[in-house]
Each structure stands twice: as structure tokens, then as C-alpha cells.
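Chain IDs A, B, C and D follow the sequence of writing; residue 1 opens each chain.
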Amino acid sequence: MIVNENCTIVSQKEIAGNIHELILRGELSTEMQEPGQFVHVKVADGHDPLLRRPISIANINHEKKEFTLIYRLEGRGTTLLSTKKEYETVDILGPLGHGFPIEETNPGETALLVGGGIGVPPLYELSQQLVARGVKVIHILGFQTKEVVFYEEKFMELGETFVTTVDGTYGIKGFVTDVMKDLSFDTIYSCGPKAMLKALETNYAADKKVYLSLEERMGCGIGACFACVCHTADDPTGFSYKKVCTDGPVFKAGEVVL
Amino acid sequence: MIVNENCTIVSQKEIAGNIHELILRGELSTEMQEPGQFVHVKVADGHDPLLRRPISIANINHEKKEFTLIYRLEGRGTTLLSTKKEYETVDILGPLGHGFPIEETNPGETALLVGGGIGVPPLYELSQQLVARGVKVIHILGFQTKEVVFYEEKFMELGETFVTTVDGTYGIKGFVTDVMKDLSFDTIYSCGPKAMLKALETNYAADKKVYLSLEERMGCGIGACFACVCHTADDPTGFSYKKVCTDGPVFKAGEVVL
Amino acid sequence: MSRLEIDLPGLHLKNPVMPASGCFGFGREFGNLYNLSDLGAIMIKATTVEPRFGNPTPRVAETSAGMLNAIGLQNPGLEKVLNEELPWLAQYDVPIIANVAGSTEEDYVEVAKRISTAPNVHALELNISCPNVKTGGIAFGTIPEVAKSLTKKVKEVSEVPVYVKLSPNVTNIVEMAKAVEDGGADGLTMINTLLGMRLDLKSGNTILANKTGGLSGPAIKPVAIRMIYEVSQQVSIPIIGMGGIERAEDVIEFFYAGASAVAVGTANFVDPFACPKIIKDLPEILEQLGFDHISECTGRSWK
Amino acid sequence: MSRLEIDLPGLHLKNPVMPASGCFGFGREFGNLYNLSDLGAIMIKATTVEPRFGNPTPRVAETSAGMLNAIGLQNPGLEKVLNEELPWLAQYDVPIIANVAGSTEEDYVEVAKRISTAPNVHALELNISCPNVKTGGIAFGTIPEVAKSLTKKVKEVSEVPVYVKLSPNVTNIVEMAKAVEDGGADGLTMINTLLGMRLDLKSGNTILANKTGGLSGPAIKPVAIRMIYEVSQQVSIPIIGMGGIERAEDVIEFFYAGASAVAVGTANFVDPFACPKIIKDLPEILEQLGFDHISECTGRSWK
């Protein structure tokens, strides 16, 4: 169920260059199940800014009724959000959308989790749920540069973890796709820049089950405004469509036109 | 000189029903001289609300570089301002306008200070400056009801003080003008609702020097937009005008059309 | 009778608050959040004869106190709306106002004729003001003669009263309003969005793939109030007002300007519970302001 | 040459940023705050033949991310502007653009003829778009033929280039722009304010004594950008853009849309140092975006 709640800030800190980790407490955490779902955040009361901001759920702690958002300071919305402090509240609508299907990887199989930049956060909750299911996980986390790398150790605790940076200042120099060639796995789950998702689809969708989390500018976040639609792959110029906010943000590669 | 500065909140508290006292520290306090001047307050960064809010200077503490604003929660602007806490800053433009001429009362003479509701605050700085000059002050402070009475003791420390409430729940029941009949004084300084100012002008301007502080909706607060003009009394339908923000807010009774 | 009950041509409303067309889909998403029978009415998304995918994405962009949209009238087409969406909505005790769009007069007439026969469609809203489609749409909304003729044709075939939705992107809104009144409109809905644009600092391109989009939200409220104020004094048909409504206080302001009911658009995205909250708050505000019934507020600014 | 220097008809600008007419008086107040010679130019308050008191107060009202004003062209009249205001401004090294207003063609012609002879007036801005005066003003700004004829007449008498200030309250802004270009305008300035209104919840009355007012500020920026985008592709005279500019980034957006210089209005009230701040920030933003000169930004969205 979708709930609207003022959640309390448990902690907020900068964990990498301009990347903030925000832990919130709220009853709506009890509704969060699928990894890869997102929440819609009203960063300030009133009209500035007016619209909510979609942010993925990076971690769910049902015991403490807490959940984690990890976001990059992009524009006014995320910058304002970053100024909020412990004990203040944040207006959250969620959980929204459909996440990654963990049931598509069987216990004992290997899942490859490929994250690019600010697409990394939802993979953390996903990885935990896969591990809990008995799935072996391998992570490839791609960043621009050393300064913006985050959560490497946390992912390492869950499984093998490769970090790449575009400029080679940390980990392996290059793109996530460069690392993949030498690995064996059964499924791919990915979130990140569209170019990365397209490369995964082109190279792997034929043989593997590949699940991709998309981004699109949103109005409502709940399926009512038709802002976030994409064409389905079987009818790429026709009338059939999927909504990123409710049918996604996670789609099977080949389901929609990237 | 008019300065724009982010002033630091020294303290903020509710001193009567929906009436807040806000003490700010800033270099621009060194520019504050005349009692009855005001500052223009940007209560929040960004566009909500967009315009500044004019608030009178209620007290100046040159030693500590502090000044006091006393304001009533009216709409969005003042309500937002009231949520700001110690150590936060407030964007202040000021000091603005021309205040009460203390030199119009000679040492040894008696000044009557008549305040109505949220017109009371600037009289506090005025009273202190008059007393420092050796002027005897009498205060008549009119409020709607007991709940919103403030600063009575502070005024009592400076001179005789009458408090009236419209509903009689505190002090003398009635209007400030009812009290005035029995008092003798040389000058009147007043700030409050237009009806009160008009009554003072009608009844006393012929015999006494009467100074009135006006309110008008403002754009710029510095004399550039022509939002706050009023007709001069000698040309009530013509082209001559005064600007409340720069020529006022204090005018001699009979100078402008109320 | 409740403080909020209102009768308008074709519409008996429990309260004068309804979601605006295009901001509520066909109700399914909000149906998961609250009981749609609590609403005064529902203005469903624009329906065209054929299904439409609409414009490429990005389709929305934020602006100061507003947003731009260029959805482009995406909808599943008349058949599906008649066979799936309206029957689904029939489970609720709420009148439907069907937003009718098209590229030609014939399109409008066909949609109007058929959709007006649906049992829960109690009125039509002729969308002659959509800024986001290249043909039709806005042309019908900016030339009085064209608007009048279209209204007439639709009136001839419609089984239910016809409201015409006016575009604010005109020099003379009163002239447009009078033209559609002459054409036989039973009511007006106003305003649709203002035509706007945003550019991306880095690329220099428009943020919306469609380049221009319709500006909605609190930013446009003063324009809406002004237009309703002007029009309501010059026509004798009722107005359903919209443009930036978020709170019960805004509803009163629209009534004062001359509206007889209101629609809430963009606010549904900011707070999906906006409509029921407004409906809940209205009686108390009316009480405070001393009104026995909300209809007393209509036109108070000029009466 | 500096990154910001711009030449426009009649104007050699150190930088393309100037305060908008009516938002800066005749400069005296801001002259106390900073050196007016730092500005690209100054658009002084509308001048009419006779002095005008303007409308009754309240004359301003706040709206979401904007404000309404109904000043009503208050000004000391042509004589005083010529004999007191312009000579005072002559102490600064800054070109003046004189905003010319009136109720009849003759009024405009008279003001234009005389004010264009002042040595520091380098261009006129024909204000055919003021929404706050009952006669003249807006009529000149909404009928293409009327606007064209006025432009022609003013061009005949003016000693300096003539810019025409367009009203956004029209169905077809391109048509208006082309009409004044045909009339001989040397440039356009756009946009003036959108016509709007606010009502008081308690009294039900309009907040502005004049009832309607002009909407300015960030709220109208998307409308301004859209109109400049449309017009700049259809005329060959330069555009000075305005409407909601607050920051250097906004200036770039206006240039991308098609402007060759910009004016800052409402932002001067929010931050009296807005213009010098923008001028200071521009070079760095141009650097970041990779432009050698700001003129490279003009029309980038459609070029």
C-alpha cells in the first residue's frame, strides 16, 4: 500500500563527494518489500520546489522501522534535502513502483549486480535480499572518480565486489562492462545511466535474464499523469506503453524501449 | 546606509499569543539610529515566499550589535519566520525609512506614546531614546485582549503605562483614545491601526505635534517601486506624494492623507 | 442539505471539488488511496477516437511554483474508455465529466456522441485548449468562431450537458467565453495551462522533448482568478474553476472570483490526498467566514 | 573585448544586464547601494507627458513565486524627467533606455520626440503593454495594426533607436512582434507582466485597489522563455528578454531562448544587489559552459 507520512530523520551524512546517506524512520517502512522500489520525497513544505523527488530505497530495516536513501546533490531539491537534520521530518510518499524480482534467481545461482553512479543504492537492499535467499552475488559498481565511490565495504560484506572508475583514480579503470566479460553468472540486475543499461541489454539479454531499473522525469509517481511512459519493445512506435513509476522502475531487458 | 546581511538569531520566543520576539545580531545594527525605522526581512531562501516582509525595529543594542523585532504571526511569511531557531540566520535589509523625531520633544517635556497592537514594538526603542534625552514619557498601549498584551513591564520601567484591551479582559476596557482625555503632554508619537491614527490626527493635530507611523503594502522597501505611496495632505488628489518606505513610515499628522 | 452540495447543469455534486482532467488518469491509482465516492465529480483524462501515445519524454519539467507538461493527450482511445475505464468507475457513486479531445470537428463529435451515452458520464468537458497537440486542440480554443461552431456541433449530439474548457492563451478570454456560450455551452471550465518552456543550462535544449508545454500549478493561480473574475460577470453559465488550487482557502478564492465548482490538477501530484483534504477542510472554513453554504461565495468579489 | 560586451541598436553595453522599467525608479535609490556605472544599461520608469499619481493603494500583492503590481505608471511627468532625473543619471557612465507611455498616439509621440533628445538616452522602450492603465497602454499592445502604426509614428520622431515592449497577454505573440518590426522597431523587449488578480479571503475583495494587476517574477519565466523562443525565430531584430530573472543561470536561459540582452525586474525588490551579483557571476558561468562570449548563447535552443 502507498502511504504518505512525515518520516523522522535518524541520521544524515555525506558518505562521498556530494553523496548523502539519509536514514529515516516511519511506519511506511513496513510496506516496503521489493528491493528497487522508490519513494517520492517532498523536500520542503510549500512551493519551492513544488514537485516531489523520486529516490530509490537503498536499505530497509524492518525491525527498527527504518529505511535508507542515498542521493546525489543534483539541483535545488536534493540540495535542500541535504540541509535537513536529525529529528526533523521529511514528507515521504511510498513505497512506489515494482522492484527487482529476486525470485528469478534460484538459491545457489549467481546474480550479477551492476550499478552505475547514483544507480548503486537500490542494489544494496537487493543484494541483501538475494543473499538471504541463498543466492551468490557479484557486484560491479561503476563510478566517475574516486571521490564519489561509496558503500564498497558494505557490498564486499555481501559478495565479491569490483569497483571501477572512469578516470582510473580508484579500482579498475574503465566501465562496468569491461569487468563483466570474465565473470560467470545466471542473472543480471542493474541500475544506472541509460548507456550502461543499453550495453547490458545489447550484450546479455539474449542469453541471460537481465533486469534493468529505469529513470524518467516524473509528475505523480503513482501512475496517474502519464509523464513517465515508455514504449513497449514489441510495439516501439505504437500505442502500447509502460509507466516507469508503477510498471517499473524495474523492467526485464527487452520489455520496453530504452 | 542600507545594508543587506544575514543576521544571526540570538533568541526567538513567543511573548504573547502569536506574538514573537526575535533578537538578531548583525553589523547592520550599527546603522540603526532613529527609533521607528524598519527592516525588510527575507523569511526564507528562494521563492516561497518571494517578497520581503517589513518589520519595525523594537530595540537596538549597539553594544552587543543586536536588535529586536516583535511580530505577530499573520500569514505564511511571519509563520515561517517564527520557526527559525537560535544560531540560524535571517536575511535582513535595513535599516529602512525615517523614524520618529525625538528632537521634537525637548528635555523636560512630556511625550505621549500611543501604540495599538502590533504597532507597539517601535515605541519601545522610541521610549528609551526619549527617556535618555530627558523627556518624560507616558505610554498607552492598546490591545484586543489579555492574551496578546506584551512588554507592559518593560514600558513601565520607562514611564507611566496604561494598558487597554478592547474586550476588557486586561487593563482598562476600551480604546487608547479613551485614556488620553485626562492626560497632559506636549507631543504624541503613535503607531497602530489606521483608525487609531486617524482619531489622533482629528482630535490632536491642531494643538499638538503628532507623529504617526503608517503601514502600506510594499514591494522594494527602498523607494524604487512606488508601491507604498500616499497623497500629501496639501494636494490630496494631485500628483504630489510621499513614499511610506523612504519618506516614512513616520509622518507628522497632517502631512499625508491617512 | 450539506454546506457543500451543489447543482450544476447535469451534475448533482456532493461537494464542488473534483480532480482536473489529466491529473487523475481514470481514477484507478487514486482509487487505491481513498474512496472516490468522496469526490464531487471526476474529470477523466482526455479521450480521443483512436488511442494516442502522446509526446516523447521528458514530458514534464518543474518551474517556480509550477510545472510544465506535454503529455500530448495520451489515452487508450474511445473504445477502451467506454468498455473498461468508465465501467470500472461505475462502482463509485460519483458523476464523471468526460474530457473530449480531437484534431478535427468530426473527432470531437464522434467522441462526444458516444461517450455521452455512458451511464456515469453526466457531463462533457470539451477540451478546446490543449497546448500540447500540433493539430486541432489549441486552434479551437483561440478563435471564437471556431470554438462556437464546435460547441454547437457537439451540443447537437451530446446526451449530457457540455462544458467548454477555455485556454488562457488568448488576448480576450471574455470573447471566447461568450462565443461558446452562444454556441450553446452549458458551462465553462477554466483555465487550462499557459504555454511555457524551459531550457536546460548544459545542453541549451528544451527540457521537454515536445519543446513547449502547459504551465500549471500555484504559479498560474492569479491568471486563473483574473480570467474567472472577468468571464463570470459576462456570461450566465456556471464556471468550474481551476489553476493552482491546493487548499480549501484557494477554493474560496475561486468561488469569490465567480466559480461555482472547482477542479484540482497539479496538487494531486504533490499530495495525492489533496482532494479529500480540501473537501474535509471546506466546511470549517465556511463556518469561520460565516457562510451557510458555499454557493454564497460565488462571485462575491464583484457582487 | 570582455565576454559580456554587447552592441545593440543604439546601445553599446558593457554587459547585457539592466534593471527593468518600473523596478528601479530613476536609479536614485540604487545609486546609494552600488555604482550604477556597473550596469549594462538602465531602463527608467515609464514617462508620460503629464505627471501621474497612478492607482490607489494597495498596489502590490504577493503570489506564488511572483507578485502583482498595479502602480499605474506613476511618474513625475516628462518635464521633470528631462530636467531632473536624466541629468542626475548623467553622472554615471551608463546608457539609459527611456520607457515611453501614454494614453494616445500623440502622447507617445510627444514623449518620444523630446526624451530621445536627452544626451544619455540611447534608446526608447515603447511601453505598449502596461496592463494597469484604463486607456491606451494595453490596447496598443494587443492589436497588431495599432501597434505597428504607433511604432511608425514614434520612429518618425525619435532621435534614437526604438525598442517595443510586448505584452504577453495575447493569443499570438509572433504576430505582434512582426507587426512592430514592420512598423520599424529596432528591437523588442519582452515580456511585460501577465494580467492577474488576487482576492482577500476575509473580505472577498481584490487585494489590489485597482482590482487586476501585472504578474511578474519567477512564476512567469516559463512563459517569457516560450515567447522569446517563438519570436526570436521569426524576427530579425534583437530582443531584450525579461520575466523572472534572478540569477546568472536565468540570463543564460533567456539567451538560449533567443535574447541578446536581459532586464531584471522583480528580483531587484527581493535582493537590491541582484543586478551587480548577476553581472559578477556571468563570466564564470560562461567559462564553465565553455562560451567565449555571451552572444554565442543567443538562440542556442533553436539554432
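The definition used in the following text is that a residue touches a chain if its C-beta (ideal position, glycine included) is under 8 Å from a C-beta of that chain, and two chains touch if they have at least 3 such contacts.
Chain by chain, the UniProt names read as follows: A, B = Dihydroorotate dehydrogenase B (NAD(+)), electron transfer subunit; C, D = Dihydroorotate dehydrogenase.
From a predicted model like this one, the values you see are computed outputs, not experimental measurements.
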Report back the single chain whose CA centre is most distant from the CA centre of chain B. A
I'd like the Å distance between the centres of chain B and chain C (Dihydroorotate dehydrogenase), where a centre is the mean of that chain's Cα atoms. 46
Inter-chain centre distance, chain C (Dihydroorotate dehydrogenase) versus chain D (Dihydroorotate dehydrogenase) - centres from mean C-alpha coordinates, in Å: 34
Chain A-chain C (Dihydroorotate dehydrogenase) separation of Cα centroids, rounded to whole Å: 36
Shared-contact residues (touching 2 or more other chains) in chain C (Dihydroorotate dehydrogenase): 64-66, 217-218
If I count partner chains per residue in chain A, which residues reach a count of at least 2? 47-48
Examine which chains touch each other and state the graph shape they make (line, ring, star, complete, other). complete
Using the touch definition from the top, list the residues of chain A that touch chain D (Dihydroorotate dehydrogenase) in their complex. 47-48
Chain A-facing residues of chain C (Dihydroorotate dehydrogenase), complex: 22-25, 28-30, 32-33, 45, 51-54, 57-62, 64-67, 69, 71, 74, 76-77, 217-218, 266, 268-273
Chain C (Dihydroorotate dehydrogenase)-touching residues of chain D (Dihydroorotate dehydrogenase), taken from the complex the two chains share: 63-66, 68, 142, 169-172, 194-199, 201-202, 204-206, 211-212, 215, 217-223, 225-226, 229, 244, 249, 252-253, 256-257, 289, 297, 300-301
Please give the residue numbers of chain B that touch chain D (Dihydroorotate dehydrogenase) in the complex, ascending. 1-2, 4, 42, 47-52, 93, 216-231, 238-239, 241, 246
Using the touch definition from the top, list the residues of chain A that touch chain B in their complex. 44, 46-48, 76
